[in-house]
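To keep things simple, chains are lettered A, B, C and D as they appear, and every chain counts its residues starting from 1.
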Amino acid sequence: MGVMRIGRAELRVMDMEKAVDYYTRVIGLEETGRRDGRVYLKAWDEYDHHSLILQEADSPGMDHCAFKVETLEDLARYEKKIEHFGLTLKRVSNRSRLGEGEAIRFELPTGHQVELFHEIDYVGKIMGLENPHPWPDNLRGIAPHRLDHVLLTGDDVDSTTRFFIEALGFHQSEKIMSVDGEVTIGSFLFTNNGKPHEIAFIKGPDKKLHHAAFFVDNWYDVLKGADILSKNNVPVEVTPTRHGITRGLTTYFFDPSGNRNEAFASGYITYPDFKTITWTEDKIGQGIFYHRREMLESFGRALT
Amino acid sequence: MGVMRIGRAELRVMDMEKAVDYYTRVIGLEETGRRDGRVYLKAWDEYDHHSLILQEADSPGMDHCAFKVETLEDLARYEKKIEHFGLTLKRVSNRSRLGEGEAIRFELPTGHQVELFHEIDYVGKIMGLENPHPWPDNLRGIAPHRLDHVLLTGDDVDSTTRFFIEALGFHQSEKIMSVDGEVTIGSFLFTNNGKPHEIAFIKGPDKKLHHAAFFVDNWYDVLKGADILSKNNVPVEVTPTRHGITRGLTTYFFDPSGNRNEAFASGYITYPDFKTITWTEDKIGQGIFYHRREMLESFGRALT
Amino acid sequence: MGVMRIGRAELRVMDMEKAVDYYTRVIGLEETGRRDGRVYLKAWDEYDHHSLILQEADSPGMDHCAFKVETLEDLARYEKKIEHFGLTLKRVSNRSRLGEGEAIRFELPTGHQVELFHEIDYVGKIMGLENPHPWPDNLRGIAPHRLDHVLLTGDDVDSTTRFFIEALGFHQSEKIMSVDGEVTIGSFLFTNNGKPHEIAFIKGPDKKLHHAAFFVDNWYDVLKGADILSKNNVPVEVTPTRHGITRGLTTYFFDPSGNRNEAFASGYITYPDFKTITWTEDKIGQGIFYHRREMLESFGRALT
Amino acid sequence: MGVMRIGRAELRVMDMEKAVDYYTRVIGLEETGRRDGRVYLKAWDEYDHHSLILQEADSPGMDHCAFKVETLEDLARYEKKIEHFGLTLKRVSNRSRLGEGEAIRFELPTGHQVELFHEIDYVGKIMGLENPHPWPDNLRGIAPHRLDHVLLTGDDVDSTTRFFIEALGFHQSEKIMSVDGEVTIGSFLFTNNGKPHEIAFIKGPDKKLHHAAFFVDNWYDVLKGADILSKNNVPVEVTPTRHGITRGLTTYFFDPSGNRNEAFASGYITYPDFKTITWTEDKIGQGIFYHRREMLESFGRALT
């Protein structure tokens, strides 16, 4: 199968204490460890040791994101494909991170650091593997099921798309094109797990994070999430709505360092034979905010 | 990737007119063609020519089900694996069915006929591929997104499970075991599309269909579905509830010939590294009907 | 206006510790006081001192229920109407119960004890009256908004209905009649607060409680409620479904003493000019369980 | 009881054909009659002949709104109270409107025309009064249950509030006050039917309509409504969110003439002893748009 899913994002935060409070109490992730000044977190419905790493830094943003591959052989196989595509690549040695084995690291044409890894400690879910209840007691905050996807900005959306398709076996679910069809403004990419996107790119400054998204089950959970954000005075940029792109249900907000987060639900299922949907730039408002049908100035501008 | 999804089920119905009325007006599928006494149908969110075929017959049941594979090469590759596993196999020639290319057909250890195919006409969704709306106007009935899975009964659940894993690359999300751990009572199998099950088997008489399930988006759609069933006087066997197994939300009912249908929503996401959940037989009630927590006599008995 | 709402039910429980644990941790009520061996509770969205009183006893059931009237004058006015109707009545003196002023008490034709009261201590909601959040933090369990209604059984449903209409100004939203129209099998009564029923009666043994219902906001909260009941191993008699009568969404279950509870959501709005809906006994299954469309044996039998 | 509910709003529209298409196909009301250039409409869950009247005019806005009282005696009683309060009043004769008996008409301190009426033809619901289904087949568009409330603007919010409380027996659920507590900026008024508001006033120009609201059952119906608006290219001003005030779930949009509409769901229950909630002007953003927490410029400005 190859790439199974986005396995983690490492975010830069400017005040670790505030960040941990936000990601555990408001988002509702569970802290699974600390080392080297980094805090490791997972969602209740994930079984790997972590899916989010917080790193204290002078500015916000995404240090890197990483995809988990099915086997160690995949790692070797992708190594060749990535080098063949022409990206420079380095090995990250075993246990460089808490709970993880070795990884390979490379830089996208958009300047983002991405890793592939296979080994990570299995922590499991609170409900266990025998006669489990559907959800654990004592959930806190928004309590998403998982890290869902990241959306990044960069100049060379086309090469980056081509890289994910050719080297990593991704497929493109949707793209946003200039009206003349010449310029790719957005590209949404999925791997073989049925989700509408695992990672996506919007034309913009290189190396920037647009948002990291967490999955919630349904439209009522999006509402509960937005309520919790207001109760906790978290800045909400986009109140609950639907995306035209992916059909997903969504709300956007910012962590204490200004990294944009999303609570995302629903969306269609994808398979390798899913035909790419095209949005033309004149309909980008409807594509991104299906109800509002116009872009939000901050949404294109606030990047970390 | 190999097997992408369940591509169709062909059901035997005893009164074609009633069956078509039920599957189009109550379930809300769209008729896409007729040939050789068979009626072909698809759901609004599917893009292949059909996912359900109705065949008039003297008794209800499932003629066969079929899985769509990603490439023609997959078909050849699986042919070898299936023969190597020891199942007899035959080729179904191109255009034996309306809108379909060639297929391979084999019999499971449980006696069910299963096919793999790759070629099928692309019909698309009403919303199209450019700036699409999230759902079409004029939906009717329960209006599921897709055929979701089938559950079959048979004696040799273990060999059948092994076949799907070894020959077809499936994984097992859940199993039901006798309390002593000796006998496999149920087996739930998924392929690489994130769904909790694509096909499942329960110990029972060979060659029988337990149910064919259609996917709806959420718990309110399960309610709307159950309301529509009552309005149309359709026999509802299991009113809206949650499964322990898959965590899915569900209601069960019967088509006019007595084939059991399910409206199924939600459920967790799967990946190849998902560890199999085990239910012990003493908790089977909770596993199947999480709220009722006891088996329903008809649920084990009514098979077609 | 007169009768504003059901103000409380006093239930008999056989093990106070278990009962308090259930009503606070599983149902999610808040304990507001104890006196004379009784425990007083309220829901988070109620502002009066209590809506549920638990009394330890040798057998389960409802000691009495009580309606809150708008003014002290209403109390005097209803006193006359009740005596004029022919029921014997007594005054309950001020502070006989924790947090309450005086009340009037009378016995229905069905043998149930009912009270009217006006004065009760104002406790308020955690969110307060200035710039309140929509719901408080730290909700537990099913967390209903309020005590919603009680359903009682008795022989003389007609006189009891007439009493509520003529003496207390209620209206009848629905009734269940024998097919020949001669016998009233069920009667659903509302007062001027928009709810589909405040109290209801089903023909059966006198003095018995069929159920006490708590209001939850929506169908997802009914699901959450049913999940919580299973997690806590509470006996669930009726899994989530819709009533034909009132259109409400519902699940039924039992407290540790065997008193039936309901989590009830939705339902239509009523006004004084709402015309009574009639269910004929041959459709009683559909009226009570809209999806199942047949009565459940235990539902008519288990009374406390 | 007196005032039972808002019985109708008569809106001015500039293109009757477009307006009827919008209110029947997009909103999903049913046309019940035409006379004198006016079109009469009702929602599927209302039983009176109409709740909305469309009147062709050169400018949009609300001609008047009217409340239905329980009895003819109420009409005479309110007549005296209204005159005693000091408002001039006139009788509207029987059958001045299609399907209606006589009414009394008066002008609020804010300049709005308001009527009280009792007699109106009973049309009923499609489901009927015997063994009814919970909802009719063939619903179209947003398909609200009813006209829910209107919000008007005017200068003298205090006198208008006092009028509704003293003359018409309303209660105040919420108010918005300037931070110094001197000026009433908003006033939300309910009658005895459990709803959080039947009519409301915001300080602003006299005689203006801010919005007319239709009730939908739940948060998923708000989403479906917003989707339908986008599909039909209706301008959506406020995408799905929660109000702090009333806790209601909402989306705002405009009819083809620019009259603002709302799809409103949920909200708390009220009784006469509900204590008024106070919002301070510094929190008005949170009060109106609980998730966004800031006012929307157009929301205060676009009036008809």
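The working rule: contacts are C-beta pairs under 8 Å (C-beta built on N, C-alpha and C of every residue); 3 or more make two chains touch, one makes a residue touch a chain.
Owing to the predicted nature of the structure, the values given are computational and were not obtained by experimental measurement.
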Q) Higher C-beta contact count, B-C or A-C? A) B-C
Q. What's the call on subunit B versus subunit D, same or different interface residues, using the half cut on shared numbers?
A. same
Q) Between subunit A and subunit B, what's the gap in Å when you average each chain's C-alpha atoms? A) 31
Q. Between subunit A and subunit C, what is the gap in Å from one C-alpha centre to the other?
A. 48
Q) Rounded to the nearest whole Å, what is the centre-to-centre distance of subunit B and subunit C, using the mean of the C-alpha atoms as each centre? A) 43
Q: Give me the residues of subunit A that touch two or more other chains.
A: 133-135, 218-220, 227, 230, 242, 286, 290
Q) Within the complex, which stretch of subunit C touches subunit A? A) 133-135, 137, 218, 220, 227, 230-231
Q | Footprint of subunit C on subunit B - complex, ascending | A | 219-220, 223, 226-227, 229-230, 236, 239-242, 249, 251, 286, 289-293
Q) Which bits of subunit A are touching subunit B when the two form their complex? A) 1, 4-5, 45, 47, 68, 70, 122, 124, 129-135, 145-146, 192-195, 217-219, 242, 244, 247, 266, 268-280, 283, 286-287, 290
